[in-house]
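Each chain gets a letter, A, B, C, D, E and F, in the order it is written, and its residues are counted from 1.
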Amino acid sequence: MNIAVYPGSFDPVTYGHLDIIERASSIFDKLIVAVLENSAKKPLFTVEERKDMIKAATMSLRNVEVDYFSGLLVDYMKQNDYHIVIKGLRMLSDFEYEFQMALMNKKLNDDIETLFMMTNSKYAYLSSSIVKEIAKFNGDISELVPEYIALRLKEKLRGK
Amino acid sequence: MNIAVYPGSFDPVTYGHLDIIERASSIFDKLIVAVLENSAKKPLFTVEERKDMIKAATMSLRNVEVDYFSGLLVDYMKQNDYHIVIKGLRMLSDFEYEFQMALMNKKLNDDIETLFMMTNSKYAYLSSSIVKEIAKFNGDISELVPEYIALRLKEKLRGK
Amino acid sequence: MNIAVYPGSFDPVTYGHLDIIERASSIFDKLIVAVLENSAKKPLFTVEERKDMIKAATMSLRNVEVDYFSGLLVDYMKQNDYHIVIKGLRMLSDFEYEFQMALMNKKLNDDIETLFMMTNSKYAYLSSSIVKEIAKFNGDISELVPEYIALRLKEKLRGK
Amino acid sequence: MNIAVYPGSFDPVTYGHLDIIERASSIFDKLIVAVLENSAKKPLFTVEERKDMIKAATMSLRNVEVDYFSGLLVDYMKQNDYHIVIKGLRMLSDFEYEFQMALMNKKLNDDIETLFMMTNSKYAYLSSSIVKEIAKFNGDISELVPEYIALRLKEKLRGK
Amino acid sequence: MNIAVYPGSFDPVTYGHLDIIERASSIFDKLIVAVLENSAKKPLFTVEERKDMIKAATMSLRNVEVDYFSGLLVDYMKQNDYHIVIKGLRMLSDFEYEFQMALMNKKLNDDIETLFMMTNSKYAYLSSSIVKEIAKFNGDISELVPEYIALRLKEKLRGK
Amino acid sequence: MNIAVYPGSFDPVTYGHLDIIERASSIFDKLIVAVLENSAKKPLFTVEERKDMIKAATMSLRNVEVDYFSGLLVDYMKQNDYHIVIKGLRMLSDFEYEFQMALMNKKLNDDIETLFMMTNSKYAYLSSSIVKEIAKFNGDISELVPEYIALRLKEKLRGK
């Protein structure tokens, strides 16, 4: 069985991520969306909240599972005997960072292959940070994240 | 009347910004230099100080006005019925960030057009951060900012 | 009166170009679409044919005029007392070439200002060459150029 | 069954291509290496010769097949009911061109997904053109292409 | 005598840096590795520790000296009558930042020339930050830094 | 003695090249400007003419010699026991091509080191092709090449 892992912070998941998830899930037998628990980056949502939001948004995709990991991606891959990483590319800066990560991960574990998919050009501008920035100033994010995520984001920002 | 808005942090304004201001003011009927009040970025100068310095440096340009905004640029544009944003491009990284911002702003408000001007290649190296870094170590900034700004910068850094 | 010139080969004009033309014409009092007569590049369509197709596609835009030039853009600008050039930017390679051209034109004539607009991300993939390549193999170009241009392109390619 | 298509000119196939072929063939059930018959580009080797060389170099990989196509990749994919394209990325310029192609192909046929793999950094400098350039001046190409390909290349260049 | 200065944070020195040091020391009569004392960046190792590690790793290179500086590189160069800066380039983002720095340094002192060397593509993925990130999670760094540095890094991270 | 080689087409030499030649000649004991005889590229000037123009323009620099080579740069370096190549970098596209060439040359001969210098930002727009393009249309090239080169270029273009 062909299993691919799509790692990320997903703080929160956007339509850009969901575009990759949907397309990748149609290529591989199973797709694991793996939320990185990175305390250093001070995410807005907890790992549990981020997992819940991804689950809600991918409910209709039967072969998508949501998991989390901390530490190095290569260790997570090895422990679960996963070999394929999926990453979305938007623009140049993505490319460079992802290039470095892919080379590094291959160096740390030669059994890991990273496959890249181009994000739909419709979402070329989209990132979790931008969504949070706009939400902070009550801007309209209805075309950037699903309605449920928009609600959770507003709640979270109001609660601060 | 053709009105353009040139937004930025201007902490402080440099000869690179002034080059854009001068050239843009000769194209449009009015140019609004809009200082972003961004408390998260911890600017060295207050909004008032930054506005004063831009006013002093653009005194000879009759159709230049200095204003400020907080929050989203698109909201500021809408409230004032402005439609044209001017941005200066220096190098690649500028381009990517500005590309993302322009797409996002167009998404948030389709009535906004962003026009880009190339910064004079003489100032390709120049940014407010570099000016502050050099001033901090008493380096020579006389070709980077007008004399008055250089004085204000030295005062401010000494006062800290 | 604010007049801007949008120069290019337009061999043939695409929805990407038309997006820039429409948006630029709403900013400036008049927009001149200036077709470059470049015999060295061996265009598929003659200058007259290219002008006709642009005229047909921009008929509804009252302040758009179609013209042509040969030789250097700066000479054309000077002879007509035009000062503003509009260019569309799609991706990185565009940026670099256009950056070089803008610097060169400014060097040759300091009175010329080049303003850049981001092409709609929907058309990030689109160029006249790609349209011709697809048309050559009878691919579907109905979302790449207006119907009239598609017809002219098919005629032209069949006639060869 | 998961089938991926790796299209290219392969004029001739290099260790850079073979690295991608080997790694892609370990991910997918079947990998079709599809040689583009592009008479406009005036290849050094005929399609048959290029296919032969790839077959010789991939003999040990059971799930690799070699095919050819002319015209548009999307048409070839459709006729054979293939849905996944594999492309190798080396450096920035690759990225931009491939980005444009992937977007265009997706536009022409929404059922096609392009997946990208990073070429091993060992081969970052390697292209078919560079191999031909070095071979032309009798430079050492033994670390750039398999021995059999090197022989065929020398024969071909001598025969000219 | 031709003296070159290789400035950096070296927190800690990696095989990527050592590749540049070795190659640059074979070109110039003397190479000064100049450790930047930058308290703002909160380095993991003190200047003394970073100098010690570089000394240990370059012991066999007779014309390499290790020094440190704080403040502006141009001031350090001037005080010691040095004129040549060596920088390693890995990827695009390096290039842009280094380009800006080289232009700025030339502006501040026209007697300074910056020469760039390409980092071996084997180390394209390597940076001090990545080494620290991997070491933090007990990943294998034996091919990224010399054994002695790996030990010092583990000690330091454990002591925290 | 430290000898560096600055290879190129120099068809014709521009102020951008001369900026690199002057600065490189102040760093190395001897600088060889090596004109590439590349018949495939159909240069405007013969190798002898290009050499003459460089000699005329570098007369005041005592440690600059002008030579030519055909075939591979690495072979020319080896035959003359040269080890250091100097290249000028202007913008991103330069960087990528030069990166590939430097890696390839290092691969073909490990004794060769390529050092890069940033072209003065004043000449960021400048290339031999652009100079020829402007001269063809009688544009002003007096700030792009020395007077003697401008004359030779006009003669050559008239004679065609």
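Operating definition for what follows: a contact is a pair of C-beta atoms (placed from the backbone, for glycine too) under 8 Å apart; a residue touches a chain by one contact, two chains touch by 3 or more.
Worth saying up front: this structure is predicted, and the values here are computed from it rather than measured.
> Hey, what chains does chain B share as contacts with chain F?
Common contact partners of chain B and chain F, which must touch each of the two, are C, E.
> Going by average Cα coordinates, which chain is farthest removed from chain E?
Relative to chain E, the chain with the farthest C-alpha centre is C.
> Please compute the angle of the rotation superposing chain C on chain D (C-alpha atoms), rounded to a multiple of 5 degrees.
Copies differ by a rotation of 120 degrees.
> In whole angstrom, how far does the Cα centroid of chain C sit from the Cα centroid of chain F?
Roughly 34 Å, centre to centre.
> Between chain A and chain D, tell me the centre distance in angstrom, where each centre is the average of that chain's C-alpha atoms.
31
> Hey, how far is the Cα centre of chain A from the one of chain F, in Å?
So the centre of chain A lies 48 Å away from the centre of chain F.
> For chain B, give me the residues that contact two or more of the other chains.
Touching at least two other chains: 92-93, 99, 103, 121, 124-125.
> Would you mind giving me the full set of chain pairs in touch?
All touching pairs, sorted by chain label, are A-B, A-C, A-D, A-E, B-C, B-E, B-F, C-D, C-F, D-E, D-F, E-F.
> Under the touch definition given earlier, write down the residues of chain A that touch chain B in their complex.
Result: residues 91-93, 124-127, 130, 133-134, 137, 139-140, 143 of chain A touch chain B.
> Considering only the defined contacts, which chain C positions touch chain B in the complex?
Its residues touching chain B are 2, 23, 26-28, 83-84, 89, 92, 95, 99, 102-103, 106, 113-118, 121.
> Show me the residue ranges of chain D that touch chain C in the complex, using the header's touch definition.
By the definition above, chain D touches chain C via 71-72, 74-75, 92-93, 96, 99-101, 103-104, 107-108.
> Taking the complex as given, what residues does chain F use to touch chain B?
Within the complex, chain F touches chain B at residues 92, 121-122, 124-125.
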